[in-house]
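Next up: the structures, one after another.
Look at the two complexes coming up: chain A is in both, with chain B in one and chain C in the other.
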Partner chain A sequence: MKLFYNIKHSFSARFSLYILILVGVVFLATLSITYINSYRTIENAARENAEITMEKTTLEIESLLSGLSKTVDNVARILQKEPFHPDSLYSIVREIVENNSDVIGSAIAFEPDHFRQKGYYYSPYAYREGDKVSVKQLGTVDYDYFTKEWYQIPKLLDRNYWTEPYYDEGGGEAVMCTYSSIMKDENGNFMGVVTVDISLDWLSNLVQSIKPYPNSYSFLIGCGGTYIVHRQKNRILNESIFSISYEEPDPSISQRIGQKMVDGETGEEIVMNDDYLAYIFYAPIENIGWSLAMVCPADDIFAELTRTSRTIGLYSIGGLLLIFVFCLIAIRRVTSPLKSFAVSAKKIAHGDFNVALPVIKSEDEMMELRNSFDYLQKELVRYMDSLQNTASAKEKIESELRIARQIQLGMIPKTFPAFPTRTDMDIYAILNPAKEVGGDLYDFYIDGDRLLFVIGDVSGKGVPASLLMAVTRSMFRSASAYLHSPAEIVSALSAAIVDSNDSNMFVTLFLGILNLKTGEINYCNAGHNPPVLLSSGNVGFFPVEPNIPLGLFEGFEYKEQNGVIPNGATLFCYTDGLTEAESETKELYGEDRLLKVLEDKELYTSKNQINAVYEDVRAHVGNADQSDDLTMLSITVFYKTISRKIVITNDLSEIETLKSTVDSFCEEVKISPELSMQLQLVLEEAVTNVILYAYPDKKGDIELELSQCNGHLTFVLSDRGIPYNPLEKEDPDVTLAAEERPIGGLGIYFIKQLMDEVGYNRNDGKNIFTMKKIQNN
Partner chain B sequence: MKNFFANLVLLTILSCIPMGAQDKLHKITFSPSWMPQAQFAGYYVALEKGFYRDAGLDVEIIIPSNSSPSVLKLKTGEVDIISTQLVQAIAAKDAGTDLVNICQTSQVNGLVIVAQPQYTSLEDLIGKRVASWKSGFSELAYCMANDNGHNVEWIDIPSGINYFISGAVDGILTMYYNEYFQVMNCGKKVTEQNVFHLSEYGYNVPEDGLYCLRSAYLNHEKEMNAFAQASKRGWEYAREHTDETIDIVIKTMKIHNIASSPSHQKWMLAKILELQINKETGQASYTLDPKTFKFAVDVLKKNNLIKNDVTYDSFVSPETRVK
Partner chain C sequence: METIIEQQSEKTIIKINGRLDSMNSGDFEKAITPVLEGAMKDITLDCTDFEYISSSGLRLFLTLLKHSKSKGGKLCIKALKPEIKSVFDIAGFTPLFQFE
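So, the complex of A and B:
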């Protein structure tokens, strides 16, 4: 495992391994080629060597046998031609034996009764007996030579004949064979044979001495495949190359070779002999029909090659290991600074820029790397310094922007209900800057029965826009204080902006002065989007003169317009951040969609209208970034209202007064019994709350105003008691059983559920609790 | 030259039976028809495995020789029981040795004439030289040639197949379980076309059987039959345990200094067992079929090899007779 880890993680180990593999492959290829070539060379040499050895041995055997046969043939020929005395034959056979050291016996045997005086058998025989040569008459009743192979077979064949070897029990007690040369009389009739017996001991010695390899051996087989010479003595004359084949795993091998040998062929076979691979060379002994074979184990033939290969292999492995170790050390030495560099780099990454770099003495790539590292280090230090400065500067800016945002949002009225005690109008607005600060603005305030309001959009976004927005808003307040016509105010604003507008920014806005008693409105539009009017079930754009944005030209005459907002109608103002809000696919929200979403929103509180539009535009934008500041301002006027106002003290008995007041109010404005019931409950709950807690230990007045206009119900409950915002109370967990809930809070929760909108203000030492409900009759 | 065993006289298997036990056993001397080899495996197995002792017999196997063949040993009373071929036994009976067949192991004749590759029918051998043993066992082949009017030049040879290998003869008479194996494995290109089983030419005269003298049988009927039964048991055991049987045979051959070729002995055992199976019944009956016997007698008589008729009942023991 460690080795694998090293190879995977150490460049030097991996590279050394590559070199090792490459060199190893080259080594192996070279060795293989050498081995194959050597193998062939040795094989051929062995083959040639075997041929020579076999030829020499067979020649030796043949020459000896043919020498003897010629001697015997000569005797036979002489005896055929020349007359002789039967007794003289003893000296002839004795001479043959004496003169030929390889001969152990010789006989001249005749046909039955050939010599009348010699009887049925006549066969003078000479044989070795120790050192001397004895003679005797061979044929007897007990030794009927006429059926002996050495006599009868040449007779039947009518030619001279070498017998197959046989074990002679009578004379030599040895394996021997006999050559018989036939004699014929003048009429061509078979007369008898002249024989020599030779011991095969010399043959055995000769054949067994053929031993070119330590474990090689030779054997000799006769005409029928019988073993004549074999290292396993029990096979001699007892087994044949064919019979032993049945004891072998694959008899066909020996049978095939045996057949070829018996057929007198010369050849070579490579076989699995017993348990090892062996080369078998064979060649016939001419004229006698025997065959000589030499078995050479392949291991022996290639022993030297195997030894040499093994040595070379071992040296190669040693060499490869040396190369590996050398590469490992050399590469490690060259690349060791890399490790130090890696350590340094890690330290640098952790912020230690002044870490010492490894010392490089060589003037090579490593030095270059060191110089680069050095440079990198210095640059990093510098960069980090500047980054730190930038970051702190940015942080400062961000913090300032946060403050700016708070200031900007602080400039615009953002407490709602803005005028809790006024039941003749409902106003609500939101401003969502796209960035920290934005260029949108809205503002409104009440002067007597006039509502002055403005909505605008400074070109651009961010800080510059926000500054101009702040300026514009301030100017609106100051200019509207002394100018009474919207056009005049707008012109004044434009003039002021043009004066100080070096950065060519401009502002669009819609400014209106609304008479809350009559619904009359004077307004001036400076290049701003026309507001939407929701009135009597109709939704449409409020008619405006476009004019031009503020700050473009000096002296442009802004046209003022006037009109009437019907009782209960809503004027919905917005900036282009709404209609041009982009979806993820860059589709604009559009005026059509705005009109569509506002279609059924007439009977909504201003806050709920704006929230509904906001939800819709958020759904349109989806996950896209907010592209522009988004501002909406909704004003609904109720100048013809039915209203009732009662003042009660903080006594629970006053609840009855409340009830009757509510009843008569509901009756007057034709509120359904169901809603009446709800309102009774809500108002009773709210008033009871105030009675119980607003004035601890003292008397105090509680004022309730009920008002209705065009289905909009408004209830304003005020007292001068201790400050108390019931909306701050957390909603109770209504999923719990009644007895498990903590005491209190359920009343307010109930009010919030039944009312469309509730609000709380603390103005002029008063708690003002506002409730709004749309009357859906 | 097989006559080296002429010097072997009465080689005995030493018995390890304690003297006390031996007293109760009936002593039997037995001589197979040839030297130890798988041809007589059943007897050596019965001896080795103690089947004879189990039968209450103390058996001694006495090896025959050319000069003292088993039939002669029986005649002279040297042995009590012998194994010999049916033809030899009938001839001996005809010549006056009153022997009785107590068990017929062989059911099929094993003589096969193997011809040189160029001869593919028996007729091809008319006027040709065919080697046969001068020591006997060849009579049936002579009879067949005579009966068919085939003039064959029979060449007397002592043994072996060198006559055939050298080409001195055109054919050779062999035993299916013995020389046949050598002839088929001597490199001569001999095939089934060149072999002629006598049994397939109407001369299916069974061979080896067990015989004792009638006098001995009358005196010791129980023991003679017991020997036959124990011998059958030996043969059946050999049939079931061929490897062990070969080991026993080879061991016995070694004791008698006889060169052994395991492959040859395996062949011999297999074929001997095969020849014990009756071709008609498919079983080893160990009995002599009367019809076959009569055929053998007729053939021998026709060829003047015997002078008198030999009857089945006089030839076969009551125990072994087939009714």
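So, the complex of A and C:
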């Protein structure tokens, strides 16, 4: 496993392995080619060797046999021509035997009764008996040579003849071959034969001495395929190459070879001999019709090649291993700095830019790598420095923008309830710049019974818009102080902006002056989105003359309009950041959706109205970026109210007064018994809180105003005691078990839970606690 | 407000009539002092004629509950009007008490 890990993760191991494989393949190819060539060469050498050996042997046999046959032929010829005495023939045959060591016997046999005086048989015969040569008369009644092959066949064929080997019973008493040379008289009649016998032992020795390889052997077959010489003695004369073929798995091989041998062909075969591969070479022995074969096992022929190949193979494996180890060490040494570079790179990644790099002495790619690393380090240090500078510059800008935002938001009234003691109106607004600062604005203030308000949108976003927004808001305050008509104020603003507007920005706005006693409103719209009026269950756009935005050109006459906001109705103003808020799919929020969401919001406090719309637009925008500044301003007027006002002292017995006041108020405005009890509870908790804590150890007055208009209930509790904001008190954990419940802390929690809106202001040394509730009868 | 305490053999029955607000919760506290000092652990608050409760009253209900629980007893509120029960709900008191 470690080896596999190394090969996968170590460059040197992998590269060494590649080299090993490549060299191995080259080695193997070279060895294979060499082996094949050597194999052919050895095969050819074996073939040549076999040819030479066979030729030599056949020549030897042939020369011996032909020598003998000539001798006998000579004798036969002489006996045909020259007259002789029959007895002299014994010395002739004796001489033949004595002069030819390979001859074991010789006879001169005549036709029956050839010599009258010699009888029916006459055949002087010389033969070896131990070391000496004996003679005798061969033909007897028991040995009727006229029937023997060596006599009968030449006579029939009328030519000289070599017999097949045979056992000469009653004659030579041995396995032999006989050559017979025929004799004829002057008339051409057959007279008899002169013969020589040769022992097969001799042939056998000669043939078996042919042994070019340790396990090779030779055999000799006669004209009919019979074994004349074979290493298995029992086959001689008994079996033929054809007869033994039937003992073999595939008889056709031996039969084919046998046929070719019998036909006197010279050739070579590669066969499976028993269980090994063998080369069989064969050649005929001329004149006699025999064939000599030599069987050489392939293992023997190629023994040397096999041995040499094995040795070369072992050396090659050793060599390959050496190359592998050498490569591994060499490559590891060359690439060892890479590991150090890896360590350095890791340290650099962790911020250690000044980490020491490995020392490289060579001038190669490693040096180049080191130089690159060095460059990388320096560049990183430089880059980080510049990044830090950029970041700190950015940080500075961001911090300045944050301050600008605070200043901008500080310009607009954003403490709510804005007028806590006034129960004749409910006003709430939010401004959400898309960026740190924005170009939207709203403002309002009360002058006597008049509410002056404005909502506007400077073209563009960000810092440039915010500057013009600040200017516009300031001018609204100053212009409205001495101008009393909205159109005049708007015209004055427009003129001032045109004057100082070099960057062609403009402002849309809606400006109104609302009489809180009558609901009458004078207003002027300068290219701004028309507000929505929520009144008596109806929701619709407030009728406005569009006019044109401020700052476009001088001298435009802005038309002023007037109308009445019904008692309890709401004027909902906004900027296009609301209706043009884009969703993730770039869909606009739209006026229709605004009207729809406001449909059931008439009986909401202004704050809850705006929060509801804000939630809806947030849901629409989803994860998309806020595309524009978003501003909403909601004003509800209550100029016809039912109200009670009581002043009590900080004594718990005043709870009784409170109770009766609340009871009569609830009765007058027809509040349900359930809500009535809730109001009792809420007001008691609020008042008790003030009684107990506002004036420690002294007397003090507590004012409570209860007011109702069109289902809007407003309660304002004020005192001149120590500053205390009950809303800052943390809510109790109402899920705790009885044992863990602290005693107390529930009063303010009840108020928050049961009221729709609560607010606290500290104005003119007064704690003003405001509670609002919608009366859902 | 009127508080009637009845000691039965196994439990104390406190009948509260009228309103329990911050003004008269002190009276109620005094009235139940014997119960808080006594050994009786099971308490039943009979609210049949109980009309109103504020946080100061709830505080005393919780005191009674803690007393009863510390003795291993039970506190049971009987015949509480639904509009008062809703105050218990807001305060998260409903799971703490047993109602009959």
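As a convention for this text, the second predicted complex is superposed on the first by the 391 of 777 C-alpha atoms of A that agree within 3 Å, B and C clash if a C-alpha of one lies under 4 Å from a C-alpha of the other, contacts with A are read in each partner's own complex, and residues count from 1 in each chain.
As a convention for this text, a residue touches a chain if its C-beta (ideal position, glycine included) is under 8 Å from a C-beta of that chain, and two chains touch if they have at least 3 such contacts.
Just so we're clear, the structure is a prediction, and the values are computed from it rather than from any experiment.
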(request) State whether A:Cys223 touches chain B only (first), chain C only (second), both chains, or neither. (result) first
(message) Per the contact definition in the header, classify A:Ser243: touching chain B only (first), chain C only (second), both, or neither.
(response) first
(message) Quick one: is A:Ile153 in contact with chain B, with chain C, with both, or with neither? Answer first, second, both or neither.
(response) first
(message) Let me test your reading of the model: by the given contact rule, A:Ser69 touches which partner, first (chain B), second (chain C), both or neither?
(response) neither
(request) May I ask you to decide whether A:Ser16 touches chain B, chain C, both, or neither, giving the answer as first, second, both or neither? (result) neither
(message) Going by the contact rule set out at the top, does A:Ser344 touch chain B (first), chain C (second), both, or neither?
(response) neither
(request) Please indicate which partner A:Thr195 is in contact with in the superposed arrangement: first for chain B, second for chain C, both, or neither. (result) neither
(request) Examine A:Glu684 and indicate which partner it touches, taking first as chain B and second as chain C; both and neither are also allowed. (result) second
(message) Applying the document's definition of touch, where does A:Leu754 land relative to chain B and chain C: first, second, both, or neither?
(response) second
(request) Could you give the residue numbers on chain A that contact chain B in one complex and chain C in the other? (result) none
(message) For a test of understanding, state which residues of chain C touch chain A in their complex under the given definition.
(response) 19, 21-23, 52-56, 58-59, 62-63, 65-66, 69, 83-84, 86-87, 90-92, 96
(message) Which residues of chain A touch chain C once you look at their complex with the stated criterion?
(response) 652-653, 655-656, 659, 673-674, 677, 680-681, 684-685, 688, 691, 734-739, 741, 743-744, 746-747, 749-750, 753-754
(message) Using the touch definition from the top, list the residues of chain B that touch chain A in their complex.
(response) 1, 3-4, 129, 134, 155-158, 160-163, 165-169, 181-182, 185-188, 259-264, 266-267
(message) Using the touch definition from the top, list the residues of chain A that touch chain B in their complex.
(response) 147-149, 152-153, 156-157, 161, 163-164, 166-169, 223-226, 234, 237-240, 242-247, 258-259, 261-263
